[in-house]
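The data blocks that follow each hold one structure.
Same chain, two partners: chain A is paired with chain B first, then with chain C.
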Partner chain A sequence: MKAFNWRQLLLDLRLFWILLLLMALLSVASDRFLTIDNLTNVLWSVCLIGIMCTGAIYAPITGGIDLSVATIAALAGIIANLLMNVCDLNWLLAIAITLGIGVLIGWVNGIVTTKFNVPAFIVTMAAKTYLFGIAMLVSNGDQITIMQPKAFLAIGIDKYLGIPIPIYLMALLVVFSHLLLKHTVFGRQCIAVGANEVAAKLSGVNPDRTRIIAYIISAVTASIAGIVMASLTQQAYAMNATGYEFDVITAIVIGGTSLMGGNGSVAGALIGAVMVGFINNGLNLLDMPSSYHPIATGIVILVALIMNQGVSLPGFIKRLRRPDRAPGQTASQ
Partner chain B sequence: MSDKIKSTDSTLLLECRGIDKSYNGPMVLSNVDFSLKRGEIHALVGENGAGKSTLIKIVTGITNRNAGTMVFEGHSIPLEHNKNAAERLGIAVIYQELSLIHGMSVAQNIFLTKEPLFAGLPVIDIKKMNAMAQQMIDRYGFNLKATDIIDQLPIAQRQTVEILKALSNKASLMIMDEPTSSLTATESVQLFKIIRLLKSEGITVVYISHRMEEVFDLSDRVTVLRDGKLVSVLEKDEISPAEIIRLMIGRALTEDESHHRMVRKEGEVVIEVNNLCSQGKLKDVSFKVHKGEVLGFGGLVGSGRTELMRAIYGIDAFDSGSITYLGKPYVPSVEKSIAGGYGFVPEERRLQGIMGAISITGNIGIANLDSISSRAGFVSGTKERERAQQAIALLNVRPPNPDVLVGNLSGGNQQKVVVGKWLIRDLKLLIVDEPTVGVDIGAKEEMYQTIEHLSKQGVAVIVVSSDLPELTRLADRIIVLRKGRIIKEFIDGTVTEEEVLRAASGIIEGSAQ
Partner chain C sequence: MSVSAIRRLILIGLLISIGAALSVANPSFLTLDNLMTMLQEASLTGIVAIGFTLVLITAGIDMSIGAVIAITSMICVNFISYTSLPAYIFIPIALAMGCLIGWFNGFFITYFKLPEFIVTLATRGILTGLALIAAVKDSQGFVKNVFIQDELFLSFGETVGPVYIVVIVFFVLALATQFFIKRTRAGSNVYATGANPTAARLTGIDTDRTLIGVYMFSGFCAALASIFLCARMMTAMPEFGIGSEMDVIASVVIGGTPFTGGIGDIWGTVIGTLFLALIKNGILKLGLSPYIQPIVIGGIIVVTVVLDVWYKGFAEQRVAKLARQKQMPTREGV
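Take a look at the complex of A and B:
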């Protein structure tokens, strides 16, 4: 048996320690921070990002990126509302069709990326643009209020044992995605394709198929997030979730996933999302003016990433001050 | 026998004494002396892990030594040496992985960051830069134009540009790490000419190579390292390949490598290829491989060897012809080939073979997902680890730790991982393309023994190699390709390296051509 390596464990959980440190700082700064109500609130607010992360993470793991997730979410809300309240379909059937459309969107992203060799960055950027157009078209550009069905609205609003349903949903998806990545053939194939596509192919992996499935998963979880969002806000609007794709990528990167592909951590991405949530929450509790929020978020993200690289502050200063002089100069002293 | 160097010798360009180095733990170099005379070609040899790269990194300032003195052209170099300082002193490295910028011209690369400026303005004087570059090229008689774009040059010429770049930096010491590893025989000969030219200009060249014949031909002196210690410094008249190998591995090679007798093995046919054609790559290629036979493929780089292997493994489609595998007609695809008992070790280990950022376990597991997962698609971590440990034990991978990232292993051990992932399968046909490029002598020998062992077990093996001693050592039969055609087949008896080389270059008496 392998000896248990405490040092390695400390390193592996580095991100978790950073999160605890942040929580400790916030609880000292505000006595309203460490309450069940507040913590539940934070989790609730990071739910959408968290749900999107569980699927969107597969794009960077395979060496790509998905910038279309936020727009897919907005579109999913509009379509679900259209199916339930205009076409009068049963809410479960409406959700199923919405997810089906998500599969289609992801499939198109995947096909264009793999079969036509267009960089994922461009493909999903284009998808973001045309999907926004479709969302505007279908919704007439209106901010639609969703009044019914009640069962649909319950997804976002109801609580079980005092905890909102979306938190359960997020937890479920995190566990599911973690198992998929770490314990299935598909997960291994994603990591291999991201690490070295040619080597993976020569070992029997089909890189195109793997990538296409990755984009489908990404689009489906984005659709789920869109349904939750529509239900939670009782609203369907093409501008909803604008900019969320960057929060998603930030959370994934803070979580230790490389944008170059070949590794990834679903738990890390969740911690990343929660961290961003705590920062915003803390700033609210401290009554900071809202213009300071993005500044603080940006700084904390950079610090977290630097710490996550395993660089300590003294080491960093030493790095900056490393001398660069010709040996001849010192020799003549 | 090594202590011939007197201190403060004015003929010495570089003198290192008592160099110690460890990266947080075991000593990588201990008490190593290394000195270079002005204008000599000095070979640095040793197995992978002997400390050659670390010594070079210390000289070039990429890493710092822990102890020891270093004097370069009379300047003592402090412990905190660095790369820029080394460059300013005139120490240049011709990198194994070339460090040129691809979209730029030869002149732009040579003068990168020191471009001649237009009348003192911060604008590059392109005309002058091209003229200066062309002048350098002509002075050395290289076959290059200053305006050639790097992408369009073959590897050998790119290397020449690297050398020019170093010359423009007024380098007095050039370090070449495995410079011939991706060159053809003719290109290598060309490089040797250049190296001798550099020597005649008074430039010292440190030459690192696993190819003993090159070391033997070129070097004025040889420094041999083993396990981080200096073993010996050989003078010109003491150099012989056998002696170097003995010093490197600390014992003489037992096997007689030069006169392998080919044996005809005609059992059951494993794979039969008939009239395979592929536009511009292969013309009418037909051959059979039998159970337990090692079939060698010789030929120059670009003769269609690699293309043929890719076609029968199922990576690239072919235009016409047929394949029979284990007695049944077979249309190859990678997935089917693997399921059917093929193994494939590609030509370029780093680009096609390994996943460097992933552990040994992950690299082995990816080709064995079928045997370590349930039908529902769940991977068993325990089984995966067992399989990895099995491969590690089978091929003696060092370190024997399945969690180590493959990118951190030496070349030889990386190759063992690439081969190992197939050996734990029910293997019937193993295709290896250039199996020992960049692999040290010890690991090379182990690779040969592995292939011989497999053939004894009845596995059919196809070996593609530009290394002629390797081909003649391993193969029971050798087919030589030239321009996509089979030009010669050596069936039994003995074959010499010269015969294979003559066939590959198209100099054949009484052949079908």
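Take a look at the complex of A and C:
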């Protein structure tokens, strides 16, 4: 039997310690931080990013990336509203069709990425651009307020046992996504394709199919986030989720998922989402202008990525003195 | 004829036929004024696209170009409103800033072996924020609109005869870059790095230095475009250039530079830039909804790439068939 390793446990939970440290720093810096109101606020924003993360993580695991999630979310809200309030469809049917459109978008992303050998970020950036155009065209560039139907709006507003429904939804998706990644054949195939496509192909995995499904999952969770967002804010607007894709990537990267593919952790991404929520909230509480948000996100992405590469600060300084041994050189050559 | 030459002929044919169709549909299209304005727009995108082509040839990507445009314009505006330095001092500083950002990108990509797009996306975020912070504000803290009055600076937006200066600069830069990548050793290093980095390294090419140089050139081109943009608009805003990456990517992709690296040249990019500018102008002249523009740009990228892959597969099959036919007699002879 393996002896219980305290050091390993501390290392495994390092993200959690950093999160606690961040909370402690913020509560010292601002006395408004540790209030129920503020924490609920953070939870709202974390919820949307968290729901997107549960699916968007599959693209990096298979070695790609999905930059179109935010626009898919905005488009989903607009389409759901269009179906419910202009076409007078039942709200459940409208949600089903919206998710179906999400599947279609993810399928197109996946097909173009795999069958035509285009880098995933180009395909999804292009998708982001044309989906934004479609969203603007469909909504006529308006900020639509959603007043009807009550059952749809209940998704975002209602509470069960004192906890808002989106939180349950996020928890459910996180558990589902974790099980899918770690305990099913498909999850293993995703990791195999991301780690070594040739080896995966030789052992009988279809890399193209795996990747296409990964993009479909990503687009569907983005649509779910879009529906939750629409019912939460009671409005549908093409620019609703602008910039969320960077928060999603930041959360995923903080969670220890390498963007080269081959590993990933849904729980880590969730902690990453909470951290992104705290960082954004902290900047707000410290009265920083909104222009500091992209700066903070950019720096956090870079630092987290470098740390994922296995570079620590003392090691970095040592290597700067001896530049002949850059990190990762043995791995890539 | 080679595959890329046929591709280029088809593009030029399309360019002319779309232009002809537009001039029939709207008489105001075929006026000197409109054509020159269109050429000016194309040149602004094109200058950035030239640097971007080199990055794409090394199989990399630079998403920070839009933000470089924003930060460069903010640097110029700060110099104009807080100092009385002449333009010939602060314009080189602004261009050097573009190079510095490119060096930063290249350093992170080569030293830490990080994916190019995520590094440049992160710098894009950082620079977007910095541009907003660096913007000249009035006493209430709102971004102030600074009108550029510097003679030399504004002269960049002027015309020589009917042709804007930026168009001339664009074509000169294209010529110089084409010469550089095709006729110099450093240029062929760029191709080698993109085609097979490991082989290039083993041949003795300093791939890290080549990559850093390419990203610095991309930053420089974006900064140069920014100065012409400011001179044309006679002002600068922190939103300048944000989101223009897609236009640049679309131009380069139409021009026939693939994402796989090792292939591509500047003439293709020049044609691609003109093509995109024509389509954007056409959407405007036909009175279509402006929301169609992002759909068209995103769609063009996807469709061009898909067509390219199909065509490449078709051409390869044909070559293989020809090769088999040519081999037949020798086989019988043996």
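Simple rule for what comes next: the second predicted complex is superposed on the first by the 273 of 333 C-alpha atoms of A that agree within 3 Å, B and C clash if a C-alpha of one lies under 4 Å from a C-alpha of the other, contacts with A are read in each partner's own complex, and residues count from 1 in each chain.
One rule holds for everything that comes next: a contact is a pair of C-beta atoms (placed from the backbone, for glycine too) under 8 Å apart; a residue touches a chain by one contact, two chains touch by 3 or more.
On a predicted model such as this, the values are computed, not experimentally measured, just so you know.
Visitor: Which holds for A:Gly100: it touches chain B only (first), chain C only (second), both, or neither?
Guide: It touches nothing on chain B or chain C.
Visitor: Considering only the touch criterion stated at the top, classify A:Met125 as touching first (chain B), second (chain C), both, or neither.
Guide: After superposition on chain A, A:Met125 lies in contact with chain C alone.
Visitor: Quick one: chain B or chain C, who's touching more of chain A?
Guide: Chain A has more residues touched by C than by the other partner.
Visitor: Is A:Ser291 contacted by the first partner chain B, the second partner chain C, both or neither?
Guide: In the superposition, A:Ser291 contacts chain C only.
Visitor: With both complexes overlaid on chain A, does A:Thr184 touch chain B (first), chain C (second), both or neither?
Guide: Touch status of A:Thr184: first partner only.
Visitor: Would you sort A:Ala195 into first (chain B), second (chain C), both or neither based on which partner it touches?
Guide: A:Ala195 contacts chain B only, not chain C.
Visitor: Per the contact definition in the header, classify A:Ser203: touching chain B only (first), chain C only (second), both, or neither.
Guide: first
Visitor: List the residues of chain A that touch chain B in one complex and chain C in the other.
Guide: Looking at chain A, the two contact sets intersect at 326-328, 331.
Visitor: For the complex, which residues does chain A have touching chain C?
Guide: It is residues 65, 112, 115-119, 121-123, 125-134, 136-137, 141, 246, 249, 253, 259-260, 289-299, 301-302, 305-306, 309, 311, 326-329, 331-333 of chain A that touch chain C.
Visitor: Could you please specify the touching residues of chain C with respect to chain A in the complex?
Guide: Listed in rising order, the residues of chain C that touch chain A are 61, 108, 110-115, 117-119, 121-126, 128-130, 132-133, 198, 201, 245-246, 249, 259-260, 289, 291-299, 301-302, 305-306, 309.
Visitor: Applying the document's contact rule, which stretches of chain A touch chain B when the two form their complex?
Guide: Residue list for chain A touching chain B: 183-189, 191-192, 195-196, 198-206, 262-263, 322-328, 330-331.
Visitor: Quick check: in the complex, which residue numbers of chain B touch chain A?
Guide: Touch list, chain B to chain A: 72, 75-78, 80-82, 84-85, 88-89, 313, 315, 334-335, 338-339, 344, 346, 351-358, 362-363, 365-367, 369, 373, 377-379, 381, 421.
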